[in-house]
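Should a chain be cited, it is by its letter among A, B, C, D and E, assigned in written order, with residues numbered from 1 in that chain.
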Amino acid sequence: MYTSRAAIRVVSHVKPTQQVRYKRDKTGLNPQLERIVSQLSVMSAGRKQPRLLKLCNEDYVKHKTVMKAWSHYRKAKIQENEKLLQKQYESMKEAVSELQNLSPELFEIANEHQYGKRFPLELRVPTEYPPRQIWFYDYFPKQEAK
Amino acid sequence: MTLVSVRSFSSSVSLGKAACAQVKPVHHKVRIIKKNLSPRFPELKYPSHDIKSPKFRPYLTHLDRVDHHYHNVLESDLLLIGYRHGQQPIYGNKRRHWDMSSPYQINRPLRKPKGQIVPSQTINPRDTGNIAKLQSISINCFVKDAKQYPAMAIGATLQLQQITGVKPKPIYAKTNVPNWKLRPGMKMGAKVELFGRDASQFLSTLTEIVLPRIGEFNGISNRAGDRYGNIAFGLTSDHIKYFPEIELNQDSWPNLYGFDITLHTTAQTDADARILLSGLGLPFVGSERIPKTLLDDLTVHPYEN
Amino acid sequence: MSSSVSRGIWSNFTNRSKSLAIKSAKLQKAVLSPDLPNGPVSLKALSSKRKYYSPIDLDKIYPLAYEILEKKSEKIYSKIEDLKKKGSENVEEINDLLVEAEINNPEVVYNSLYAANTIDLTQPVYRHYAKKQWESYNKMITMQRLETLSIIPDTLPTLEPEVDVHMKFPHNNVDTWVEPGSILSSNVTSKPPIFKITEFKESKNDLYTILIVNPDTPDVENNSYTTTLHWALKDVELSNNDSIIDIQKLDSNPQYSIVDYLPPTPEKNLGKQRFAVWIFRQDGKLNEETSKVENINNFQIREFVENNKLQAVGAHAWRSVWDLNVENVRKEYGLPAGRIFSRDSF
Amino acid sequence: MTTPVIRSSLVLSRIPIVTPDVPAFEKAFYQYQEQLERRLMWTFPKWYYFKKGTVAEREFSKAQKYPIPNHRNVWFPKGVPDLKHGRDRRFKQDIILPKKNNDVEVSTTTDDGGESAASELQNLDDIGRPIKANSRITIFDEKNDQTSLERKLPRTLYLLIKNNNNNEWTFPSFEVSNDQINKGLHNIAEEGLRNIGGDKINTWTVSNTPAALIKHNNGINEFLIKSHIIAGKFNPTNKNEYKWLTKEEIQDIVSDEYYSKINHLLSQ
Amino acid sequence: MLLPDSITTTKNSLVSFIKCQIRFAHKKVVSSKTHMQDSPGKRLGAKKYENHQVKIGQILYRQRGTKWYPGINVGIGKDHTLFALQPGFVKYYLDPFHPKRKFIGIALNKDDKLPYPHFEPTKRRLGRDVLDGKKAEFEANYLPRNVQILQPKINEELNKRIEKRNGKLLKFKDEIKKNFPNLSSSLTEEQLDLAANRLLSIDGYLRGGKSIDDARFSTTYYYIYDLKLSNKRNEISIDELNTKSSNYKEFASKIDSEIMFAPDFSLTKNLTFDELSSLKTKSFAELEKLIPDITKPINKKTKEHALSIINSVAFSLKEQIKLKRRFLKPTLPETNETIGNAKDKKVIAIQKMNIETRQVETIYRTKNAFLP
């Protein structure tokens, strides 16, 4: 059981107003102590750890194959993403430098600082399943804008 | 006189040997890992990602939806927002090289930066390599009363573990304050640093379940941040009860412990970090102060080192 | 459901070596099936076979993973084809690609993990795995012993190891390699050792020189030490698939020997003597003149290496100390009786 | 010399509402890893969540399927059980929660059209109603209504408009006249959108900076401004044809030259 | 003069204090901070200076902590005292590998510069004399105590080994005489000895796991190697060596063509590779005929017969184990023939857990389910 030593060690730390000596009667430990003991038992590995995984040689090789395939798959995906991003960067750079030539006024506005910009909270991280109301259609612009 | 103490089976004994260690220079370039040459504990020699290692834990068990959202939507938007044509690097104060006028300067650590002790980062113009990304979330739960009732530190540790699903590390008091009866080495709470999917999981619980239910929470202060893209805020013990892991098991939690959350990002400035975090569903309030040097980034700054 | 997962290049042996497959048909079937149709073949005991459980869902993911890696390998093979068509002479590039194409093949991985003694070293991928294995243990232990025993710099200044050197003596019939730096008795070392020299680059009929030197021979006149040459072989021909220098080879190639084997016979009260085995790769055949050794008792190894333009690629070492059998060995080889030295230093 | 014509176009997107459909390999990998994780998990501390002697504990215990314990003198051909805290340490532990009437029932079958219809019939005010996940496939998907915002939930949709002059599908594009120059490209594009599609639409412009430039043969420089729709609806006033399309659908509908210039802007 | 109130009051109180002050006997309680802190000098510092000649063990430097580090041929004591490990000349020097340390070393020659070049061979001193006369005799006969104690035991073991070896040689001789009369009749007694020695050597190699061909080759090679050594010792001439070695080779091929080792290391008639493989296929066919169905029980006689086939010359040890595993299973699988009733006598009850039904099943195995 989890009572034994952990409990004794804990006793010396609990509130001085409580019963200090470790004593177990018919009802068991006092509730506060019991809570600490069970809290410690949740975090400690004692008797809760499973057996070590021991794969046979064939399965070990298969597992290695799976992990290698996964890393290749991930790497390809990441590289694709990076390439796309690089393309976006190039096209943006080209657009802005062209704008600078075409119309300096528009360029000034397009090249302003954007510190303090915030994503709206409505742009949410996708969930596994959609909400009941998928889209909010009844939007009215605020009138005081003008 | 310093003596070398050697641990033997029965006790520690002092050897009549001076404490003088010298690393002798070798005559080859092969790196030797002593651990691998010993026949003991073969299973501990496997790297932790090897399934034979006792440390092995599978790390990707579900699709990380926050990460996917970041790569699908936020990353390219952040690139567009942060880009300024003709932006110049703002050089940080770096450690300086020695001029090598004396042979004793070989192998010396670099000199301290001019005028300050801590070197600062260079802020580079935006490109695809420096788009802000959430790196990790660290949660720090310091319980003041733990000095009086050490059991509270245990409760705080378990609370963190329940909320994050990651094993926390204990925090110990570092200083000795006799008036507060604080001694170094007292267990004062727990901390945990979350990476990858654990961080995403915690973040979505925070933004989707916890923060919306806290009445007085309007957002993270726009003044929060450490200048280098790490934003921190705190939750009090009253707010903790909204975490579903705690809420569903309220009987076991007569007292809860508030904690500080630090969001570590790779952003070069706090302003960039705030834009990123707003995209991940964290609101911000208050007026923002942008440093003058940041606003003046089109002029060329000289590199002085 | 246990049909083979391989449908592409990795089950096609028209252009690939047969040694890239697992030899045992049962094992091969186990590795190439999604699950284990005949149970875990590699486990020997019946009870452990019965007790074994595969990880759940491994059988579902494995065929998909195999397919991804096999497709990648196919791409690399077509790249190699293109290079060969272009008439590329860059053997290293092609070998690197061959390693890349096969490095994730489960059969190759299995062979290099569990049949490391019988792998075919003419295949670049197996050489790659063998090198990894060497780097993880043998290379480190050899260099550690060379350094701690001060064999570098007492014989040669340094070593950048490139080959794996194994050595054993024929004193008993047990097939164990000597760990570098171990202390061997005079009985063990009375006959010349047998070497296994593993190259990790492509090697066809490369020539090697082997020297065994003892830098601890006493020089009473100068109150110092000299180096003795105990064995010297030159122009030893080795390849990837033929890497052993044993008695068969020595018997059929008497021209290898420069200096006949002289067994270690340490004299009394002189402590342990170090015997360094040096392996050199040659550019071509050695010059008769420069490779001649006049005086084995005052052998200048650094000069010898420089004169013959040798490149040190590997080393080994053992130690010998006086024992009761030394006199017998001396008699056997017709050497004079050993001197007796004072026990205390002056 | 004629002044070059500048146009400002709006790449208006609806970001995904649900998580993407994962490919078979990824799915199988996650499953495999999850099984490994469960196998390596510590035993569930039942005593912490269910106090001894409570009704909840009794119900929980009843729902569990306990492993076979070890017996003396009995032969276990598949290995001797190794029980600790009611778990066989050789295997993963299955935790079964006792059934309640408001249990979570996730419909994993996405092609289940009747599911969403059934949820509509429920009394939404009843808190104790069984929780049912909505289907990832909507009625608009089934109807293939490309003008709807509620289609293809795992994908990003982009607004495309049919040009009345040459019957080509493009992003909404607006000319920048000289008097508008001080507004900036992004404002011109947003206002233009509201001019043709009504103002009952809430959008968020990503940046003042254009994301790309398309140089047309007739000297028109078209700058693309990125924006996300947040709420409301695009409701064309002049009966313009419009569609909300995914990346692949855009490739089918627009000219190849146009697509080659915009494809890097489109996300999954 | 007008004074402020406060000053007058303090003045009054001071006056009253002086008035009523009483002196008591007292002792100084706290001692001075610097009292009793002086100590005699510890005579630290250099004892030998640059280029001083020293002998082994002489102290070079006394210090607290390591102001100077022990360099080449210098040792350090438990109070960090530096002392000489070799006779030579004291050098104070810096080492580029440890830029922050100062060293004291001993150079063997006065002109040497320390540190010695990193990649040069280390300069060492032999420091020992060659003994002669009585001293040499004493030293030659001297053995460490542990060796002295062990010596009788070692000799005993050695004798045992020699005896065993001789016994084996005798055994081989007898066997050759008994089993190979043709061969033994053509051999002289000396040649018989040689043959037995050869067989003994081959036996050793085989037990070490070598193949028969390798074992034969090694034996020949090392015999000739010994001959070469005797040539080196000038016991035989070159011509003698050549004739002797060719003779031995002939002799060896004669022996090898007649005698071979069985898997259990007994002598048998030599078989060529083809003969061996045909015997192998034949024996295997015989085995398969004897035990056509490995799931069926067999009687003791069949078992003995099968064992005699398996243990024949045809199969190597490894193959024998494999065949035993295949044909002579200790427990047969559960078929109708090998499962009995609870009512039968002479059945063995086995309690078995069925994982699917979670029930303990009792299986009754008849005696013939096990290998007789």
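Throughout what follows, contacts are C-beta pairs under 8 Å (C-beta built on N, C-alpha and C of every residue); 3 or more make two chains touch, one makes a residue touch a chain.
Treat the numbers as computed from the prediction; the structure is a model and nothing was measured.
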Per mean C-alpha coordinates, the chain lying farthest from chain D is E
Winner on contact count, chain pair A-D
Whole-angstrom distance, CA centroid of chain B to CA centroid of chain D, is 31
When centres are defined as mean Cα positions, the distance from chain A to chain B in whole Å is 14
Whole-angstrom distance, CA centroid of chain C to CA centroid of chain E, is 20
Whole-angstrom distance, CA centroid of chain B to CA centroid of chain C, is 46
Residues of chain B that touch two or more other chains sit at 27, 51, 56, 60, 65, 68-69, 73, 76-77, 80-81, 83, 252
Each of the following residues of chain C touches two or more other chains, namely 55, 58, 61, 64-65, 68, 153, 157-158
Each of the following residues of chain A touches two or more other chains, namely 39, 42, 53, 55, 60, 63, 66, 69-70, 73, 84, 88, 92, 96, 111, 114, 117, 119, 123, 126-128
A full list of chain pairs that touch reads A-B, A-C, A-D, B-C, B-D, B-E, C-D, C-E, D-E
In the complex, the residues of chain E that touch chain D are 350-353, 355, 358, 360
In the complex, the residues of chain E that touch chain C are 56, 118-131, 135-136, 139-140, 147, 204-205, 207-210, 217-218, 221-222, 225, 229, 232-234
Residue positions on chain B within touch of chain D in the complex are 51, 56-63, 65, 68-69, 72-73, 76-77, 80-81, 83, 249, 251-252
The answer for chain D against chain B in the complex is residues 15-16, 19-20, 22, 26, 29-30, 33-34, 36-37, 40, 48-49, 51, 156, 206-207, 209, 211, 226, 265, 267-268
Chain B contacts chain E in the complex at 1-3, 16-18, 20, 22, 24-25, 27, 104, 106-108
